[in-house]
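Before we start, here is the structure in question, set down as C-alpha coordinates.
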Amino acid sequence: MDAPRSAPQDPAFAERVRASFALQGAMHTIGATLAEIAPGRVVIALPWRQELTQQHGFLHAGIVATALDSACGYAASTLMPAEAGVLTIEYKINLLAPARGASFRMEGVVVKAGRTISVTEGRAYALHEGSEKLIATMGATLMTITGRDDIKH
Amino acid sequence: MDAPRSAPQDPAFAERVRASFALQGAMHTIGATLAEIAPGRVVIALPWRQELTQQHGFLHAGIVATALDSACGYAASTLMPAEAGVLTIEYKINLLAPARGASFRMEGVVVKAGRTISVTEGRAYALHEGSEKLIATMGATLMTITGRDDIKH
Amino acid sequence: MDAPRSAPQDPAFAERVRASFALQGAMHTIGATLAEIAPGRVVIALPWRQELTQQHGFLHAGIVATALDSACGYAASTLMPAEAGVLTIEYKINLLAPARGASFRMEGVVVKAGRTISVTEGRAYALHEGSEKLIATMGATLMTITGRDDIKH
Amino acid sequence: MDAPRSAPQDPAFAERVRASFALQGAMHTIGATLAEIAPGRVVIALPWRQELTQQHGFLHAGIVATALDSACGYAASTLMPAEAGVLTIEYKINLLAPARGASFRMEGVVVKAGRTISVTEGRAYALHEGSEKLIATMGATLMTITGRDDIKH
(Lines give C-alpha, C1' and ligand atoms only; values in the text may rest on other atoms or scores of the structure.)
Protein backbone atom coordinates (compact mmCIF):
# COMPACT_ATOMS: atom_id res chain seq x y z
CA MET A 1 0.00 0.00 0.00
CA ASP A 2 1.46 3.33 -1.04
CA ALA A 3 0.72 6.41 1.02
CA PRO A 4 -0.59 9.35 -1.01
CA ARG A 5 1.99 11.99 -1.83
CA SER A 6 0.26 14.59 0.36
CA ALA A 7 2.67 16.67 2.41
CA PRO A 8 1.65 17.09 6.06
CA GLN A 9 -0.06 20.42 6.81
CA ASP A 10 1.32 20.38 10.34
CA PRO A 11 5.13 20.05 10.52
CA ALA A 12 4.79 18.89 14.14
CA PHE A 13 2.52 15.98 13.16
CA ALA A 14 4.69 13.35 14.86
CA GLU A 15 4.78 15.14 18.22
CA ARG A 16 1.03 15.66 17.98
CA VAL A 17 0.43 11.95 17.35
CA ARG A 18 2.74 10.94 20.22
CA ALA A 19 0.99 13.31 22.65
CA SER A 20 -2.44 12.02 21.68
CA PHE A 21 -1.36 8.37 21.82
CA ALA A 22 -0.04 8.92 25.36
CA LEU A 23 -3.56 9.99 26.40
CA GLN A 24 -5.15 6.73 25.21
CA GLY A 25 -5.76 4.59 28.27
CA ALA A 26 -6.71 1.71 26.00
CA MET A 27 -3.34 1.66 24.21
CA HIS A 28 -1.53 1.58 27.54
CA THR A 29 -3.82 -1.17 28.84
CA ILE A 30 -3.20 -3.45 25.87
CA GLY A 31 0.53 -2.69 25.79
CA ALA A 32 0.61 -1.05 22.36
CA THR A 33 3.44 1.30 21.38
CA LEU A 34 4.08 3.63 18.43
CA ALA A 35 6.70 2.04 16.19
CA GLU A 36 6.64 4.45 13.24
CA ILE A 37 5.07 7.81 12.39
CA ALA A 38 5.40 9.11 8.83
CA PRO A 39 3.16 11.36 6.72
CA GLY A 40 0.13 9.22 5.91
CA ARG A 41 1.48 6.14 7.67
CA VAL A 42 1.62 4.93 11.28
CA VAL A 43 2.80 1.57 12.67
CA ILE A 44 1.85 0.25 16.11
CA ALA A 45 3.57 -2.67 17.87
CA LEU A 46 1.76 -5.00 20.23
CA PRO A 47 3.11 -7.99 22.18
CA TRP A 48 0.92 -11.07 22.81
CA ARG A 49 -0.48 -11.22 26.33
CA GLN A 50 -2.74 -13.78 28.00
CA GLU A 51 -5.01 -10.97 29.19
CA LEU A 52 -5.86 -10.09 25.59
CA THR A 53 -6.88 -13.49 24.30
CA GLN A 54 -10.10 -15.04 23.10
CA GLN A 55 -11.14 -18.53 24.12
CA HIS A 56 -8.58 -20.35 21.95
CA GLY A 57 -5.62 -18.41 23.29
CA PHE A 58 -5.20 -16.26 20.17
CA LEU A 59 -5.23 -12.48 20.46
CA HIS A 60 -8.89 -11.39 20.55
CA ALA A 61 -10.04 -10.01 17.20
CA GLY A 62 -11.29 -6.91 18.98
CA ILE A 63 -7.83 -6.21 20.37
CA VAL A 64 -6.30 -6.62 16.91
CA ALA A 65 -8.95 -4.18 15.70
CA THR A 66 -8.33 -1.75 18.58
CA ALA A 67 -4.66 -1.39 17.70
CA LEU A 68 -5.32 -1.40 13.94
CA ASP A 69 -8.03 1.26 14.30
CA SER A 70 -5.55 3.43 16.22
CA ALA A 71 -2.90 2.92 13.52
CA CYS A 72 -5.41 3.97 10.86
CA GLY A 73 -6.70 6.94 12.86
CA TYR A 74 -3.23 8.28 13.58
CA ALA A 75 -2.18 7.75 9.95
CA ALA A 76 -5.08 10.02 8.97
CA SER A 77 -4.16 12.45 11.74
CA THR A 78 -0.64 12.97 10.36
CA LEU A 79 -2.11 14.71 7.31
CA MET A 80 -4.64 16.86 9.19
CA PRO A 81 -4.24 20.47 10.34
CA ALA A 82 -2.57 21.06 13.72
CA GLU A 83 -5.77 22.01 15.49
CA ALA A 84 -7.91 19.18 14.09
CA GLY A 85 -9.28 16.20 15.95
CA VAL A 86 -10.01 12.85 14.34
CA LEU A 87 -13.00 10.57 14.91
CA THR A 88 -13.52 7.12 13.44
CA ILE A 89 -16.80 6.99 11.49
CA GLU A 90 -16.59 3.30 10.70
CA TYR A 91 -14.23 0.48 9.98
CA LYS A 92 -14.39 -3.02 8.62
CA ILE A 93 -11.93 -5.72 9.51
CA ASN A 94 -11.31 -9.04 7.79
CA LEU A 95 -9.67 -11.61 10.02
CA LEU A 96 -7.55 -13.73 7.68
CA ALA A 97 -5.91 -16.03 10.18
CA PRO A 98 -5.95 -16.60 13.94
CA ALA A 99 -3.88 -13.95 15.75
CA ARG A 100 -1.26 -16.45 16.89
CA GLY A 101 2.18 -15.04 17.56
CA ALA A 102 4.64 -13.58 20.04
CA SER A 103 3.98 -10.04 18.84
CA PHE A 104 2.04 -8.10 16.26
CA ARG A 105 2.60 -5.18 13.92
CA MET A 106 -0.27 -2.97 12.83
CA GLU A 107 0.13 -0.64 9.84
CA GLY A 108 -2.26 2.14 8.92
CA VAL A 109 -1.92 3.95 5.58
CA VAL A 110 -3.95 6.83 4.15
CA VAL A 111 -5.69 6.10 0.84
CA LYS A 112 -7.47 9.43 0.61
CA ALA A 113 -6.90 12.52 2.74
CA GLY A 114 -9.97 14.68 2.25
CA ARG A 115 -10.86 17.94 3.93
CA THR A 116 -13.68 16.31 5.92
CA ILE A 117 -13.39 12.58 5.21
CA SER A 118 -10.24 10.47 5.15
CA VAL A 119 -10.05 6.85 4.10
CA THR A 120 -7.33 4.52 5.35
CA GLU A 121 -6.28 0.91 5.03
CA GLY A 122 -4.75 -1.19 7.75
CA ARG A 123 -2.86 -4.45 7.84
CA ALA A 124 -2.04 -6.53 10.89
CA TYR A 125 0.87 -8.96 10.89
CA ALA A 126 1.73 -11.65 13.42
CA LEU A 127 5.38 -12.37 14.17
CA HIS A 128 5.39 -16.09 14.82
CA GLU A 129 8.31 -18.52 14.84
CA GLY A 130 10.59 -16.17 12.93
CA SER A 131 8.23 -15.26 10.13
CA GLU A 132 5.63 -12.57 9.57
CA LYS A 133 2.09 -13.42 8.55
CA LEU A 134 -0.74 -11.15 7.41
CA ILE A 135 -3.60 -11.84 9.82
CA ALA A 136 -6.05 -9.00 9.24
CA THR A 137 -6.96 -6.20 6.84
CA MET A 138 -8.95 -3.10 7.72
CA GLY A 139 -10.67 -0.31 5.85
CA ALA A 140 -11.44 2.69 8.05
CA THR A 141 -13.21 6.00 7.40
CA LEU A 142 -12.31 8.96 9.58
CA MET A 143 -13.62 12.47 9.99
CA THR A 144 -11.67 15.66 10.60
CA ILE A 145 -13.18 17.55 13.53
CA THR A 146 -12.44 21.22 14.06
CA GLY A 147 -13.80 23.80 16.47
CA ARG A 148 -14.92 21.35 19.15
CA ASP A 149 -13.19 21.57 22.50
CA ASP A 150 -14.16 18.02 23.47
CA ILE A 151 -12.60 16.49 20.34
CA LYS A 152 -8.99 17.57 20.03
CA HIS A 153 -6.20 15.49 18.54
CA MET B 1 -33.87 -6.51 15.42
CA ASP B 2 -35.74 -9.80 15.60
CA ALA B 3 -33.85 -13.01 16.11
CA PRO B 4 -34.65 -15.72 13.57
CA ARG B 5 -37.05 -18.38 14.80
CA SER B 6 -34.37 -21.09 14.66
CA ALA B 7 -34.42 -23.43 17.62
CA PRO B 8 -31.00 -24.12 19.15
CA GLN B 9 -29.43 -27.42 18.06
CA ASP B 10 -27.62 -27.74 21.36
CA PRO B 11 -29.91 -27.56 24.40
CA ALA B 12 -26.90 -26.70 26.57
CA PHE B 13 -26.08 -23.63 24.46
CA ALA B 14 -26.08 -21.23 27.42
CA GLU B 15 -23.66 -23.28 29.51
CA ARG B 16 -21.45 -23.66 26.44
CA VAL B 17 -21.38 -19.89 25.88
CA ARG B 18 -20.64 -19.20 29.57
CA ALA B 19 -17.77 -21.70 29.60
CA SER B 20 -16.25 -20.20 26.47
CA PHE B 21 -16.68 -16.62 27.68
CA ALA B 22 -14.86 -17.50 30.91
CA LEU B 23 -11.84 -18.51 28.81
CA GLN B 24 -11.60 -15.11 27.09
CA GLY B 25 -8.80 -13.23 28.78
CA ALA B 26 -9.80 -10.13 26.85
CA MET B 27 -13.33 -10.07 28.27
CA HIS B 28 -11.96 -10.31 31.79
CA THR B 29 -9.39 -7.59 31.10
CA ILE B 30 -11.96 -5.10 29.84
CA GLY B 31 -14.46 -5.99 32.59
CA ALA B 32 -17.19 -7.36 30.30
CA THR B 33 -19.84 -9.74 31.64
CA LEU B 34 -22.59 -11.82 30.05
CA ALA B 35 -25.95 -10.17 30.74
CA GLU B 36 -28.24 -12.32 28.62
CA ILE B 37 -28.02 -15.55 26.58
CA ALA B 38 -30.99 -16.56 24.45
CA PRO B 39 -31.23 -18.54 21.20
CA GLY B 40 -29.82 -16.20 18.54
CA ARG B 41 -29.24 -13.35 20.96
CA VAL B 42 -26.51 -12.44 23.47
CA VAL B 43 -26.09 -9.27 25.55
CA ILE B 44 -22.80 -8.20 27.15
CA ALA B 45 -22.47 -5.50 29.82
CA LEU B 46 -19.41 -3.29 30.14
CA PRO B 47 -18.68 -0.52 32.67
CA TRP B 48 -16.68 2.58 31.65
CA ARG B 49 -13.07 2.50 32.85
CA GLN B 50 -10.26 5.00 32.42
CA GLU B 51 -7.97 2.18 31.21
CA LEU B 52 -10.20 1.62 28.19
CA THR B 53 -10.39 5.16 26.85
CA GLN B 54 -9.18 6.90 23.75
CA GLN B 55 -7.60 10.34 23.91
CA HIS B 56 -10.84 12.24 24.62
CA GLY B 57 -11.82 10.09 27.60
CA PHE B 58 -14.53 8.17 25.71
CA LEU B 59 -14.43 4.40 25.58
CA HIS B 60 -12.05 3.43 22.76
CA ALA B 61 -13.91 2.38 19.61
CA GLY B 62 -11.87 -0.81 19.54
CA ILE B 63 -13.06 -1.75 23.02
CA VAL B 64 -16.67 -1.12 22.00
CA ALA B 65 -15.98 -3.36 19.01
CA THR B 66 -14.28 -6.01 21.13
CA ALA B 67 -17.33 -6.44 23.34
CA LEU B 68 -19.78 -6.10 20.44
CA ASP B 69 -17.85 -8.67 18.38
CA SER B 70 -18.07 -11.08 21.31
CA ALA B 71 -21.82 -10.47 21.65
CA CYS B 72 -22.27 -11.20 17.93
CA GLY B 73 -20.02 -14.26 17.99
CA TYR B 74 -21.77 -15.79 20.98
CA ALA B 75 -25.19 -15.00 19.51
CA ALA B 76 -24.16 -17.07 16.47
CA SER B 77 -22.72 -19.75 18.75
CA THR B 78 -26.08 -20.29 20.51
CA LEU B 79 -27.51 -21.71 17.27
CA MET B 80 -24.52 -23.90 16.38
CA PRO B 81 -24.04 -27.62 17.12
CA ALA B 82 -22.59 -28.56 20.51
CA GLU B 83 -19.20 -29.52 19.13
CA ALA B 84 -18.77 -26.51 16.84
CA GLY B 85 -16.36 -23.64 17.26
CA VAL B 86 -16.99 -20.15 15.92
CA LEU B 87 -14.54 -17.82 14.20
CA THR B 88 -15.18 -14.23 13.15
CA ILE B 89 -14.55 -13.81 9.42
CA GLU B 90 -15.14 -10.09 9.37
CA TYR B 91 -17.12 -7.32 10.94
CA LYS B 92 -17.92 -3.71 10.23
CA ILE B 93 -18.72 -1.19 12.89
CA ASN B 94 -20.32 2.24 12.53
CA LEU B 95 -19.58 4.56 15.42
CA LEU B 96 -22.65 6.77 15.70
CA ALA B 97 -21.71 8.81 18.76
CA PRO B 98 -18.80 9.06 21.18
CA ALA B 99 -18.84 6.19 23.70
CA ARG B 100 -19.56 8.49 26.64
CA GLY B 101 -21.35 6.90 29.58
CA ALA B 102 -21.09 5.14 32.92
CA SER B 103 -21.71 1.77 31.36
CA PHE B 104 -22.49 0.10 28.07
CA ARG B 105 -24.75 -2.63 26.77
CA MET B 106 -23.82 -4.65 23.67
CA GLU B 107 -26.45 -6.73 21.89
CA GLY B 108 -25.71 -9.33 19.24
CA VAL B 109 -28.54 -10.87 17.21
CA VAL B 110 -28.43 -13.54 14.50
CA VAL B 111 -29.82 -12.47 11.12
CA LYS B 112 -28.95 -15.70 9.33
CA ALA B 113 -27.84 -18.97 10.89
CA GLY B 114 -26.29 -20.95 8.05
CA ARG B 115 -24.56 -24.31 8.17
CA THR B 116 -21.17 -22.76 7.45
CA ILE B 117 -21.75 -19.00 7.52
CA SER B 118 -23.76 -17.02 10.06
CA VAL B 119 -24.54 -13.32 9.82
CA THR B 120 -25.25 -11.21 12.89
CA GLU B 121 -26.04 -7.63 13.77
CA GLY B 122 -24.88 -5.83 16.87
CA ARG B 123 -25.91 -2.66 18.63
CA ALA B 124 -24.02 -0.88 21.39
CA TYR B 125 -25.81 1.43 23.80
CA ALA B 126 -24.34 3.89 26.30
CA LEU B 127 -26.09 4.41 29.63
CA HIS B 128 -25.43 8.05 30.37
CA GLU B 129 -27.21 10.37 32.80
CA GLY B 130 -30.23 8.10 33.13
CA SER B 131 -30.89 7.53 29.45
CA GLU B 132 -29.75 4.97 26.90
CA LYS B 133 -28.21 6.03 23.61
CA LEU B 134 -27.35 3.97 20.53
CA ILE B 135 -23.63 4.56 19.94
CA ALA B 136 -22.60 1.87 17.46
CA THR B 137 -23.95 -0.68 15.01
CA MET B 138 -22.11 -3.76 13.80
CA GLY B 139 -22.54 -6.31 11.06
CA ALA B 140 -20.48 -9.46 11.62
CA THR B 141 -19.95 -12.62 9.60
CA LEU B 142 -18.98 -15.79 11.45
CA MET B 143 -17.96 -19.27 10.43
CA THR B 144 -18.88 -22.57 12.04
CA ILE B 145 -15.74 -24.62 12.61
CA THR B 146 -15.92 -28.35 13.19
CA GLY B 147 -13.31 -31.05 13.49
CA ARG B 148 -10.46 -28.78 14.55
CA ASP B 149 -9.02 -29.32 17.99
CA ASP B 150 -7.53 -25.84 18.17
CA ILE B 151 -10.87 -24.11 17.49
CA LYS B 152 -13.47 -25.32 19.95
CA HIS B 153 -16.35 -23.26 21.33
CA MET C 1 -35.62 -1.63 12.19
CA ASP C 2 -37.30 1.48 13.57
CA ALA C 3 -36.72 4.82 11.92
CA PRO C 4 -35.53 7.56 14.29
CA ARG C 5 -38.24 9.93 15.42
CA SER C 6 -36.67 12.86 13.56
CA ALA C 7 -39.19 15.03 11.76
CA PRO C 8 -38.22 15.94 8.20
CA GLN C 9 -36.68 19.42 7.85
CA ASP C 10 -38.04 19.76 4.32
CA PRO C 11 -41.82 19.23 4.09
CA ALA C 12 -41.43 18.54 0.36
CA PHE C 13 -39.02 15.67 0.98
CA ALA C 14 -41.05 13.14 -1.02
CA GLU C 15 -41.26 15.32 -4.15
CA ARG C 16 -37.52 16.01 -3.81
CA VAL C 17 -36.74 12.30 -3.64
CA ARG C 18 -39.00 11.52 -6.62
CA ALA C 19 -37.38 14.26 -8.73
CA SER C 20 -33.88 13.03 -7.90
CA PHE C 21 -34.77 9.38 -8.51
CA ALA C 22 -36.14 10.30 -11.95
CA LEU C 23 -32.67 11.65 -12.85
CA GLN C 24 -30.91 8.36 -12.06
CA GLY C 25 -30.23 6.65 -15.33
CA ALA C 26 -29.12 3.56 -13.44
CA MET C 27 -32.47 3.12 -11.67
CA HIS C 28 -34.28 3.36 -15.01
CA THR C 29 -31.86 0.91 -16.62
CA ILE C 30 -32.35 -1.74 -13.95
CA GLY C 31 -36.12 -1.21 -13.81
CA ALA C 32 -36.27 0.01 -10.20
CA THR C 33 -39.20 2.08 -8.96
CA LEU C 34 -39.96 3.98 -5.75
CA ALA C 35 -42.51 2.00 -3.73
CA GLU C 36 -42.58 4.03 -0.52
CA ILE C 37 -41.16 7.35 0.75
CA ALA C 38 -41.55 8.18 4.45
CA PRO C 39 -39.42 10.25 6.82
CA GLY C 40 -36.28 8.18 7.39
CA ARG C 41 -37.49 5.27 5.26
CA VAL C 42 -37.56 4.52 1.52
CA VAL C 43 -38.57 1.32 -0.28
CA ILE C 44 -37.55 0.46 -3.84
CA ALA C 45 -39.14 -2.30 -5.94
CA LEU C 46 -37.22 -4.24 -8.58
CA PRO C 47 -38.42 -7.03 -10.87
CA TRP C 48 -36.06 -9.88 -11.87
CA ARG C 49 -34.68 -9.54 -15.38
CA GLN C 50 -32.30 -11.75 -17.34
CA GLU C 51 -30.17 -8.70 -18.16
CA LEU C 52 -29.35 -8.21 -14.48
CA THR C 53 -28.15 -11.70 -13.61
CA GLN C 54 -24.86 -13.21 -12.59
CA GLN C 55 -23.66 -16.51 -14.03
CA HIS C 56 -26.12 -18.71 -12.10
CA GLY C 57 -29.19 -16.76 -13.22
CA PHE C 58 -29.68 -15.02 -9.85
CA LEU C 59 -29.85 -11.26 -9.69
CA HIS C 60 -26.26 -9.95 -9.61
CA ALA C 61 -25.16 -8.95 -6.11
CA GLY C 62 -24.08 -5.59 -7.49
CA ILE C 63 -27.57 -4.91 -8.81
CA VAL C 64 -29.07 -5.81 -5.43
CA ALA C 65 -26.56 -3.41 -3.92
CA THR C 66 -27.31 -0.69 -6.49
CA ALA C 67 -31.00 -0.64 -5.59
CA LEU C 68 -30.33 -1.07 -1.86
CA ASP C 69 -27.77 1.75 -1.87
CA SER C 70 -30.35 4.01 -3.52
CA ALA C 71 -32.96 3.05 -0.92
CA CYS C 72 -30.49 3.89 1.86
CA GLY C 73 -29.38 7.14 0.24
CA TYR C 74 -32.91 8.38 -0.33
CA ALA C 75 -33.92 7.35 3.20
CA ALA C 76 -31.13 9.64 4.48
CA SER C 77 -32.18 12.33 2.02
CA THR C 78 -35.73 12.50 3.43
CA LEU C 79 -34.33 13.93 6.68
CA MET C 80 -31.92 16.40 5.08
CA PRO C 81 -32.50 20.12 4.38
CA ALA C 82 -34.22 21.04 1.11
CA GLU C 83 -31.07 22.35 -0.54
CA ALA C 84 -28.78 19.49 0.52
CA GLY C 85 -27.25 16.83 -1.69
CA VAL C 86 -26.35 13.36 -0.49
CA LEU C 87 -23.26 11.32 -1.31
CA THR C 88 -22.55 7.74 -0.29
CA ILE C 89 -19.27 7.54 1.65
CA GLU C 90 -19.29 3.76 1.99
CA TYR C 91 -21.50 0.77 2.35
CA LYS C 92 -21.17 -2.86 3.27
CA ILE C 93 -23.49 -5.55 2.05
CA ASN C 94 -23.93 -9.08 3.34
CA LEU C 95 -25.45 -11.46 0.81
CA LEU C 96 -27.45 -13.95 2.86
CA ALA C 97 -28.99 -16.00 0.09
CA PRO C 98 -28.92 -16.10 -3.71
CA ALA C 99 -31.11 -13.34 -5.19
CA ARG C 100 -33.60 -15.81 -6.65
CA GLY C 101 -37.12 -14.51 -7.16
CA ALA C 102 -39.65 -12.89 -9.44
CA SER C 103 -39.17 -9.51 -7.82
CA PHE C 104 -37.33 -7.79 -5.03
CA ARG C 105 -38.05 -5.23 -2.36
CA MET C 106 -35.27 -3.00 -0.97
CA GLU C 107 -35.81 -1.09 2.26
CA GLY C 108 -33.56 1.68 3.53
CA VAL C 109 -33.97 3.02 7.07
CA VAL C 110 -32.08 5.82 8.85
CA VAL C 111 -30.31 4.77 12.06
CA LYS C 112 -28.69 8.15 12.69
CA ALA C 113 -29.43 11.44 10.97
CA GLY C 114 -26.47 13.66 11.74
CA ARG C 115 -25.74 17.15 10.45
CA THR C 116 -22.86 15.92 8.30
CA ILE C 117 -22.95 12.13 8.54
CA SER C 118 -26.00 9.87 8.33
CA VAL C 119 -25.99 6.14 8.93
CA THR C 120 -28.58 3.85 7.40
CA GLU C 121 -29.46 0.18 7.28
CA GLY C 122 -30.90 -1.64 4.31
CA ARG C 123 -32.62 -4.96 3.82
CA ALA C 124 -33.33 -6.68 0.52
CA TYR C 125 -36.12 -9.25 0.21
CA ALA C 126 -36.85 -11.65 -2.63
CA LEU C 127 -40.44 -12.46 -3.48
CA HIS C 128 -40.26 -16.07 -4.59
CA GLU C 129 -43.06 -18.62 -4.93
CA GLY C 130 -45.46 -16.66 -2.74
CA SER C 131 -43.13 -15.98 0.17
CA GLU C 132 -40.68 -13.23 1.05
CA LYS C 133 -37.10 -14.02 1.98
CA LEU C 134 -34.39 -11.77 3.42
CA ILE C 135 -31.50 -12.00 0.95
CA ALA C 136 -29.19 -9.13 1.89
CA THR C 137 -28.44 -6.62 4.62
CA MET C 138 -26.60 -3.33 4.12
CA GLY C 139 -25.02 -0.71 6.33
CA ALA C 140 -24.40 2.58 4.53
CA THR C 141 -22.80 5.87 5.58
CA LEU C 142 -23.86 9.02 3.75
CA MET C 143 -22.75 12.63 3.78
CA THR C 144 -24.85 15.75 3.57
CA ILE C 145 -23.45 18.06 0.91
CA THR C 146 -24.36 21.73 0.83
CA GLY C 147 -23.15 24.67 -1.26
CA ARG C 148 -21.90 22.62 -4.20
CA ASP C 149 -23.64 23.16 -7.52
CA ASP C 150 -22.51 19.80 -8.91
CA ILE C 151 -23.96 17.82 -5.99
CA LYS C 152 -27.62 18.66 -5.58
CA HIS C 153 -30.34 16.29 -4.36
CA MET D 1 -1.55 -4.53 -3.74
CA ASP D 2 0.50 -7.63 -4.38
CA ALA D 3 -1.23 -10.85 -5.31
CA PRO D 4 -0.28 -13.82 -3.12
CA ARG D 5 2.21 -16.16 -4.68
CA SER D 6 -0.31 -19.01 -4.87
CA ALA D 7 -0.15 -20.96 -8.10
CA PRO D 8 -3.53 -21.62 -9.73
CA GLN D 9 -4.92 -25.11 -9.05
CA ASP D 10 -6.72 -25.10 -12.39
CA PRO D 11 -4.43 -24.43 -15.37
CA ALA D 12 -7.51 -23.47 -17.42
CA PHE D 13 -8.49 -20.74 -14.95
CA ALA D 14 -8.61 -17.99 -17.58
CA GLU D 15 -10.93 -19.89 -19.92
CA ARG D 16 -13.13 -20.76 -16.94
CA VAL D 17 -13.36 -17.10 -15.92
CA ARG D 18 -14.15 -16.00 -19.49
CA ALA D 19 -16.89 -18.61 -19.85
CA SER D 20 -18.49 -17.60 -16.55
CA PHE D 21 -18.23 -13.87 -17.33
CA ALA D 22 -20.01 -14.44 -20.64
CA LEU D 23 -22.97 -15.85 -18.70
CA GLN D 24 -23.37 -12.71 -16.58
CA GLY D 25 -26.28 -10.76 -18.02
CA ALA D 26 -25.43 -7.89 -15.70
CA MET D 27 -21.90 -7.47 -17.10
CA HIS D 28 -23.27 -7.36 -20.63
CA THR D 29 -25.98 -4.88 -19.62
CA ILE D 30 -23.52 -2.44 -18.08
CA GLY D 31 -20.99 -2.85 -20.90
CA ALA D 32 -18.21 -4.36 -18.80
CA THR D 33 -15.43 -6.40 -20.39
CA LEU D 34 -12.58 -8.53 -19.05
CA ALA D 35 -9.32 -6.63 -19.53
CA GLU D 36 -6.90 -8.90 -17.69
CA ILE D 37 -6.97 -12.36 -16.06
CA ALA D 38 -3.95 -13.46 -14.03
CA PRO D 39 -3.59 -15.82 -11.05
CA GLY D 40 -5.12 -13.92 -8.14
CA ARG D 41 -5.85 -10.81 -10.19
CA VAL D 42 -8.61 -9.75 -12.60
CA VAL D 43 -9.21 -6.37 -14.26
CA ILE D 44 -12.54 -5.27 -15.73
CA ALA D 45 -13.02 -2.29 -18.05
CA LEU D 46 -16.20 -0.22 -18.13
CA PRO D 47 -17.06 2.79 -20.29
CA TRP D 48 -19.23 5.63 -18.91
CA ARG D 49 -22.81 5.52 -20.13
CA GLN D 50 -25.75 7.79 -19.41
CA GLU D 51 -27.87 4.75 -18.57
CA LEU D 52 -25.62 3.94 -15.62
CA THR D 53 -25.60 7.30 -13.86
CA GLN D 54 -26.91 8.59 -10.58
CA GLN D 55 -28.66 11.94 -10.32
CA HIS D 56 -25.50 14.07 -10.78
CA GLY D 57 -24.44 12.33 -13.97
CA PHE D 58 -21.64 10.35 -12.33
CA LEU D 59 -21.55 6.58 -12.66
CA HIS D 60 -23.86 5.15 -9.97
CA ALA D 61 -21.95 3.82 -6.97
CA GLY D 62 -23.82 0.54 -7.30
CA ILE D 63 -22.58 0.11 -10.87
CA VAL D 64 -19.01 0.78 -9.77
CA ALA D 65 -19.58 -1.84 -7.07
CA THR D 66 -21.15 -4.30 -9.52
CA ALA D 67 -18.08 -4.28 -11.74
CA LEU D 68 -15.65 -4.18 -8.82
CA ASP D 69 -17.44 -7.08 -7.09
CA SER D 70 -17.11 -9.10 -10.30
CA ALA D 71 -13.40 -8.25 -10.54
CA CYS D 72 -12.90 -9.42 -6.94
CA GLY D 73 -14.99 -12.55 -7.39
CA TYR D 74 -13.18 -13.61 -10.55
CA ALA D 75 -9.81 -12.84 -8.96
CA ALA D 76 -10.72 -15.32 -6.21
CA SER D 77 -12.01 -17.76 -8.82
CA THR D 78 -8.65 -17.91 -10.62
CA LEU D 79 -7.13 -19.65 -7.58
CA MET D 80 -10.01 -22.08 -6.98
CA PRO D 81 -10.30 -25.70 -8.16
CA ALA D 82 -11.72 -26.29 -11.66
CA GLU D 83 -15.07 -27.57 -10.42
CA ALA D 84 -15.63 -24.90 -7.77
CA GLY D 85 -18.19 -22.14 -7.84
CA VAL D 86 -17.74 -18.81 -6.09
CA LEU D 87 -20.29 -16.84 -4.10
CA THR D 88 -19.83 -13.38 -2.60
CA ILE D 89 -20.46 -13.45 1.16
CA GLU D 90 -20.07 -9.72 1.68
CA TYR D 91 -18.24 -6.68 0.46
CA LYS D 92 -17.62 -3.16 1.61
CA ILE D 93 -16.95 -0.29 -0.72
CA ASN D 94 -15.54 3.15 0.06
CA LEU D 95 -16.40 5.75 -2.53
CA LEU D 96 -13.45 8.15 -2.53
CA ALA D 97 -14.49 10.49 -5.32
CA PRO D 98 -17.42 10.89 -7.70
CA ALA D 99 -17.23 8.37 -10.55
CA ARG D 100 -16.62 11.03 -13.19
CA GLY D 101 -14.79 9.90 -16.30
CA ALA D 102 -14.94 8.57 -19.82
CA SER D 103 -14.16 5.06 -18.69
CA PHE D 104 -13.28 3.04 -15.63
CA ARG D 105 -10.88 0.29 -14.66
CA MET D 106 -11.72 -2.15 -11.84
CA GLU D 107 -8.98 -4.29 -10.32
CA GLY D 108 -9.57 -7.23 -8.01
CA VAL D 109 -6.66 -8.86 -6.17
CA VAL D 110 -6.63 -11.85 -3.82
CA VAL D 111 -5.29 -11.13 -0.31
CA LYS D 112 -6.00 -14.60 1.05
CA ALA D 113 -6.95 -17.70 -0.90
CA GLY D 114 -8.38 -20.10 1.66
CA ARG D 115 -9.95 -23.49 1.13
CA THR D 116 -13.42 -22.22 2.03
CA ILE D 117 -13.02 -18.45 2.43
CA SER D 118 -11.12 -16.07 0.16
CA VAL D 119 -10.52 -12.41 0.84
CA THR D 120 -9.92 -9.90 -1.93
CA GLU D 121 -9.32 -6.20 -2.38
CA GLY D 122 -10.58 -4.10 -5.23
CA ARG D 123 -9.71 -0.69 -6.58
CA ALA D 124 -11.69 1.33 -9.11
CA TYR D 125 -10.03 4.00 -11.22
CA ALA D 126 -11.64 6.68 -13.41
CA LEU D 127 -9.92 7.69 -16.62
CA HIS D 128 -10.73 11.37 -16.91
CA GLU D 129 -9.08 14.05 -19.04
CA GLY D 130 -5.94 12.01 -19.62
CA SER D 131 -5.27 11.00 -16.04
CA GLU D 132 -6.28 8.09 -13.83
CA LYS D 133 -7.87 8.66 -10.45
CA LEU D 134 -8.62 6.19 -7.64
CA ILE D 135 -12.36 6.53 -7.01
CA ALA D 136 -13.25 3.50 -4.88
CA THR D 137 -11.76 0.74 -2.75
CA MET D 138 -13.43 -2.56 -1.94
CA GLY D 139 -12.88 -5.41 0.47
CA ALA D 140 -14.77 -8.56 -0.49
CA THR D 141 -15.13 -11.99 1.14
CA LEU D 142 -15.95 -14.94 -1.09
CA MET D 143 -16.80 -18.56 -0.52
CA THR D 144 -15.72 -21.59 -2.51
CA ILE D 145 -18.75 -23.72 -3.36
CA THR D 146 -18.36 -27.33 -4.41
CA GLY D 147 -20.84 -30.11 -5.06
CA ARG D 148 -23.80 -27.88 -5.84
CA ASP D 149 -25.20 -28.06 -9.33
CA ASP D 150 -26.86 -24.64 -9.10
CA ILE D 151 -23.62 -22.86 -8.17
CA LYS D 152 -20.97 -23.59 -10.76
CA HIS D 153 -18.21 -21.23 -11.86
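For clarity, chains are labelled A, B, C and D in written order, and residue numbers in each chain start from 1.
As a convention for this text, a contact is a pair of C-beta atoms (placed from the backbone, for glycine too) under 8 Å apart; a residue touches a chain by one contact, two chains touch by 3 or more.
Fair warning: this is a prediction, and the values are worked out from it, not measured in the lab.
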Practice item. Going by residue numbers, if over half of the contact pairs line up, that's a repeat, so tell me which of B-C, A-B or B-D repeats C-D. Key: A-B
Point to revise | Reference chain A; chain at largest CA-centroid distance | key: C
**Study point:** chain A and chain D: spacing of chain centres that average the CA atoms, whole Å
**Key:** 28
Study note, to complete from the structure: Per the C-alpha means, the centres of chain A and chain C lie apart by a whole-Å value of 32
Check your understanding: Counting only residues that touch at least 2 other chains, which ones in chain B make the list?
Key -> 89-90, 92, 94, 119, 139, 141
Check your understanding: Which chain B residues qualify as touching chain A in the complex?
Key -> 20-21, 23-29, 49-56, 60-63, 65-70, 85, 87-95, 98, 150-153
Review point. What part of chain C is in contact with chain B in the complex they form?
Key: 1, 92, 94, 96-97, 111-112, 119, 121, 134, 137, 139, 141
Study note, to complete from the structure: In their shared complex, chain B is touched by residues of chain D numbered 89-90, 92, 116-117, 119, 139, 141, 143
